[in-house]
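Have a look at this one before I ask anything.
Order of writing sets the labels: A, B, C and D. Residues in every chain begin at 1.
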Amino acid sequence: MSMNMRIGVIMNGVTGRMGTHQHLLRSIVEIIKQGGVKISADRFIIPDPILVGRDSGKLQALCQRSGVPKYSTDLETVLADEQYSIYFDASMTGVRAQNVKKAIAAGKHIYCEKPTATNTAEAIELYRLAENAGLKHGVVQDKLWLPGLIKLRRLIEYDFLGRIFSIKGDFGYWVFEGFTVPPQRPSWNYRKQDDGGIIVDMLCHWRYILDHLFAKVVAVSCLGATHIPRRMDESGRVFDCTADDTAYVTFELQGGIIAHFNCSWATRVRRDDLLTIQVDGEKGSAVAGLHKCWTQHYGNTPRPVWNPDIEQPINYFADWIEVPDQEFYDNAFKAQWELYLRHVALEESFPWNLLEGAKGVQLAEKGLESWRKRAWVAVDEIDV
Amino acid sequence: MSMNMRIGVIMNGVTGRMGTHQHLLRSIVEIIKQGGVKISADRFIIPDPILVGRDSGKLQALCQRSGVPKYSTDLETVLADEQYSIYFDASMTGVRAQNVKKAIAAGKHIYCEKPTATNTAEAIELYRLAENAGLKHGVVQDKLWLPGLIKLRRLIEYDFLGRIFSIKGDFGYWVFEGFTVPPQRPSWNYRKQDDGGIIVDMLCHWRYILDHLFAKVVAVSCLGATHIPRRMDESGRVFDCTADDTAYVTFELQGGIIAHFNCSWATRVRRDDLLTIQVDGEKGSAVAGLHKCWTQHYGNTPRPVWNPDIEQPINYFADWIEVPDQEFYDNAFKAQWELYLRHVALEESFPWNLLEGAKGVQLAEKGLESWRKRAWVAVDEIDV
Amino acid sequence: MSMNMRIGVIMNGVTGRMGTHQHLLRSIVEIIKQGGVKISADRFIIPDPILVGRDSGKLQALCQRSGVPKYSTDLETVLADEQYSIYFDASMTGVRAQNVKKAIAAGKHIYCEKPTATNTAEAIELYRLAENAGLKHGVVQDKLWLPGLIKLRRLIEYDFLGRIFSIKGDFGYWVFEGFTVPPQRPSWNYRKQDDGGIIVDMLCHWRYILDHLFAKVVAVSCLGATHIPRRMDESGRVFDCTADDTAYVTFELQGGIIAHFNCSWATRVRRDDLLTIQVDGEKGSAVAGLHKCWTQHYGNTPRPVWNPDIEQPINYFADWIEVPDQEFYDNAFKAQWELYLRHVALEESFPWNLLEGAKGVQLAEKGLESWRKRAWVAVDEIDV
Amino acid sequence: MSMNMRIGVIMNGVTGRMGTHQHLLRSIVEIIKQGGVKISADRFIIPDPILVGRDSGKLQALCQRSGVPKYSTDLETVLADEQYSIYFDASMTGVRAQNVKKAIAAGKHIYCEKPTATNTAEAIELYRLAENAGLKHGVVQDKLWLPGLIKLRRLIEYDFLGRIFSIKGDFGYWVFEGFTVPPQRPSWNYRKQDDGGIIVDMLCHWRYILDHLFAKVVAVSCLGATHIPRRMDESGRVFDCTADDTAYVTFELQGGIIAHFNCSWATRVRRDDLLTIQVDGEKGSAVAGLHKCWTQHYGNTPRPVWNPDIEQPINYFADWIEVPDQEFYDNAFKAQWELYLRHVALEESFPWNLLEGAKGVQLAEKGLESWRKRAWVAVDEIDV
């Protein structure tokens, strides 16, 4: 007599750190625990996951830890099973596209991690295949649901900022090299041959943040650098860093908005958070971190006068005010999962699809091209 | 029987704000008050100024205010007077080069404000003329004597930072447009036709800061923008802004150091000072403002872990410590004046000469060229 | 099919406070709980302890408390049992050497508390016996793994301090005499006839800290004192204190480094911790406590001027900054136990052996000799 | 009809920094300004100074600055003038003894800076000469009148501390070498050939502080060191440091009190003041700085337990309480001057005489002897 909707979800590649914590434990398991995604007073969408991977020992352990009863090491068989309508992919970047293609061929709706493919052409192909098959599809764009960025979005919706013309992004922190203090990121991030590099990692994120919060990206100027030439790997061996650990990037957006970003794993942080985005507009400015957001309206803007003879009389943090928690902020991954499940179950719109995923791949590609050419590169609209 | 050295100084164009306050009142007048520049237990260099300009009323008023007894509206006559051996120029940019040439022709040692000319060729010509005439010459590069930058220089001398690889500069503040709150800068800054624009204004400064503190600038990528299209001038008339009010610039320095700067008169400030320069090195980082400077050594570098699920547990300002005042910091302009007077009187070295001034003009020119070409532009060594 | 390595460990004398808490509960039991010492993705060293002592009631209680199933009051039988390859000794100082000799004779690897013997000759003999028998051996030098001292070691590895020339150690606190407030240390500490005295207790520690963090100790000047002449013992009887409760010690290290220590159970503490070690170097200084560590670099060194006429204008705590937790700090005893087990199982190096233990005994002996002779005494290299 | 007593004071060598500021401006001039030293409701002792030196220009300038009308470059004539009954000496250490002898021969009462001579024999001779001539004599021992030490003396007088057994002194700060930051002390301090060295400078002070506040010094163990081998002098030349810049000293006092001091111009300060003296007694402890003083009574003594497993739960600064200003603290030099003038005028006792001065010289000599012999050296009672 239940009115609940049960949706089978194949979760491939969730034994990795991100897959386990964010997608399985903090999203799907939490949604199950709360009784599903509520769609009316007495109806819920309830995900029914099966974990898929290659190592049955790890899968078994993860089933125990998460309370999910089902797992399989045989992707083909599971894809052929009609009780599962969604295929989720958090596997290694290098094998993602082929897995997604199999799932499309099997008629599954698609949800997957970024980058969706290792090049733009293949990323677009995934979009076309899914569209032609009439399937629903989505790509993880979690940072849009960070509390700091939700607060920023609300400010833009209120028109707090007026006409926006400038965005300044600072991202990064110090990743220890490992010669004394042990490093806090995996070593493959610093090797090109293992798909490492901060441009590939971060430009996907900046694409959807810029496109969705401000305006379409139309051009990019990017300079990469490998500031730390040698690091120590997980087994204590010194290796040469072949991938960029720092990127200095400028984006042009529609309407003449400029976004100026630096991203680095070789910088020390003197600012509000690991990621801060300052937005300057005619009526006001905002600075968003991961969780918090500060504003300065025209009416609170101080009037500095350049006088190097005296100590700075103005405290430039004092005229900003923090945005309070005006709503509940769920885990960013879970928030997007709930929207995706509604999209599949209820036909609600879900703009963060494989085309958007392809745009992220495109921007990373264009960034690398700009670095190589030492010039601005246009970011053309993808012709679908 | 006095052992003091008296040097006549022609001060042209000091009725303007900068000339009056920094060069006359806080430099020359203060040096006279303190008994001159001390060069040994009982010897002093004492400047003997004459104010030169076009408006005798203003000059007379300034003489009264400063206690300087002499002024003239006739530059030629004063240049012909042998009791004056130094010509100082703080006149309008457009007429500076021709005035300096006259002074060189008259055999005066040269000291002048920046930019030394409106184009690189002319700026280099000034250098060559002064050199060929065997005269001493200098250009104001005051920011090198800001306490914050002196502290930064000391840190580099101590090798606090280790190998430096990245410099991030944030400069700017909100200059009111004038529609409600009156503006705090003159309107010509926002008109190209009046030699306005932030690129021309600020790249001269970045050149000597980068060249003298870190390493030679070898390439530039620059994007200008006019984010505020209309402002109100001193007489209350609305005008179209034709000059850039914001610049997004990346510099390449010798040794692969990257300097990433943004400069804007249309931004709100959430940082330690109107100008902050963060320097990242292998062993430590520093952030310098105009007066203060903060450090974070490798040994004090926190270990952030990316966990968007919890509020940021680290206060990213807490692991920095302010550099104390380890020495006396004089007014930046006065400090350079004293060194210039010693250079003239005692043959002490003075590296901030007309060639350095020409390099500042060159960098501004190359920045504008990069903006036009939408590409990186090499900053060639000036062939002298 | 298990790849794990199981090592039998005889734990003698762990019914005492230190043995129970640090060696059994916080080290061996914790290592077992965590699944052993991880040596690769799927291999672990798992200690298999048996508790040995004289009081079966206490042993039984400790087995229950710790979850260790085995105990014995018959050391000889256990030593003859081949399933145990390690002998650990935390018994009374007076009987340690003879127990260790029996264990060496039985072919066990040795790990023991300090002091390893009551005189240097015997401590050296233990080293020779173990070496000649081809056995592995180690001595507890736990303070090297205190977080504060690990942080200090990292600073030295980074070369934060530059050339080090001076070390100032303050150790101690007020141990109540017992006439009103009950004392917080056992009374034998204050009786020479029971091997008490702060010189014998602490100079062992200073030896390995100085030798391993800075440079070899080459000479010592030591003055002991019994500042509190009478105390009350555990049964409420007043007794005469015959052992030193305070030591004023200066050490000379290789390279001309001076270490100036005071240690007292009759002092009140106005400093950061019960033990603080200040290290002064050309480039910076550090003050380490047990857990925390503070730094002051050359660039943050204030410029005091002696002016007794005004209140001190500088806060001399303000220009120091605390070192953040850059890595995980395990219990100091457990950390050394894990390294010792790896040493036995994997042949990894372990420099904290019976020779190092003998050096600690030697320094205490030389300190007492210096006190008696009222002169500096050389600390000769031990001839092995 | 005035009842005031006017006393002529010859002030020799007050053109130096200490003489000018402390003895002339802040002592004698202030005493004159306040109407003299009040000895009853309507009687005052009024000093009548004459400045003596070699450089008439400097003397003239100092007369103008201080308002003292008289000066002379002819010491002999002034000594022969009967209107002056006191001879004060703040001249260079090397010439002090011979000047004082002349003054004694001329029948003047003596007051002088420390050290009174360059060796003990001569210092004692001065004492004997003055005594035999029936003259009054005194030596500057200003630190006894520092507010922090007055507060400490009051605590001892109240018997706050009970039986005192231990004194720990920390003195010093970082004196910049001059290679980057300019130094804040004169360079002769670091050259033996110019009577530099911290042992000679500071042991004179420790002698009168220990003798007068606690008990007679009976033995000394002293180790000097030159931790900074090269510095830059006033004219920018690098020189080799030949004098000790650091001293590690232990004193034995009557009654078994131990005083453990370190003094350094090459240390960074993490404590309450540039000089701190901790005194431990049976009933309580005190820590005195230059101006402030903190106490911890038995009843406020915390009970630390050694537990390295947890972060230090006790804040070891929290259980100390600052001594309030219970009386007025005048400038330390002026306070002693007033007592000396009363001694001369009113026959009041004045224990800080040339014999005490000789004891200071003696202790510095014995400290150097201990360093040379690497042993404790007895500080014999001076046989007068």
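Just so we're on the same page, contacts are C-beta pairs under 8 Å (C-beta built on N, C-alpha and C of every residue); 3 or more make two chains touch, one makes a residue touch a chain.
Just so you know, these numbers come straight off a predicted model, no measurement behind them.
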{"item": "Chain located farthest away, centre of chain A as origin (C-alpha)", "value": "D"}
{"item": "Separation of chain A from chain D, taking each centre as the mean of its C-alpha atoms, in whole Å", "value": "69"}
{"item": "Averaged-CA centre spacing for the pair chain B and chain A, given as whole angstrom", "value": "42"}
{"item": "Between chain A and chain C, centroid-to-centroid distance (C-alpha), Å", "value": "49"}
{"item": "Chain B, residues touching no fewer than two other chains", "value": "154, 158, 301-303, 320, 326-327"}
{"item": "Chain contact graph, described as a line, ring, star, complete graph or other shape", "value": "other"}
{"item": "All pairs of touching chains, each written as two labels joined by a dash", "value": "A-B, A-C, B-C, B-D, C-D"}
{"item": "Contacting residues of chain C [partner chain A, same complex]", "value": "154, 157-158, 326-327"}
{"item": "Interfacial residue positions of chain B with respect to chain C in the complex", "value": "151, 154-155, 158-160, 283, 295, 297-303, 314, 319-327"}
{"item": "Chain D to chain B touching residues, read off their complex", "value": "176, 180-182"}
{"item": "Touching residues (chain side chain B, partner chain A) in the complex", "value": "22, 26, 142-143, 146, 165-166, 168, 170, 173-174, 176, 181, 184, 221, 223, 225, 227-228, 246, 248, 250, 256, 258, 260, 262, 264, 266-274, 278, 280, 282, 284-285, 287, 289-292, 294, 296, 301-306, 308-309, 311-312, 316-317, 320, 331-332, 373-376"}
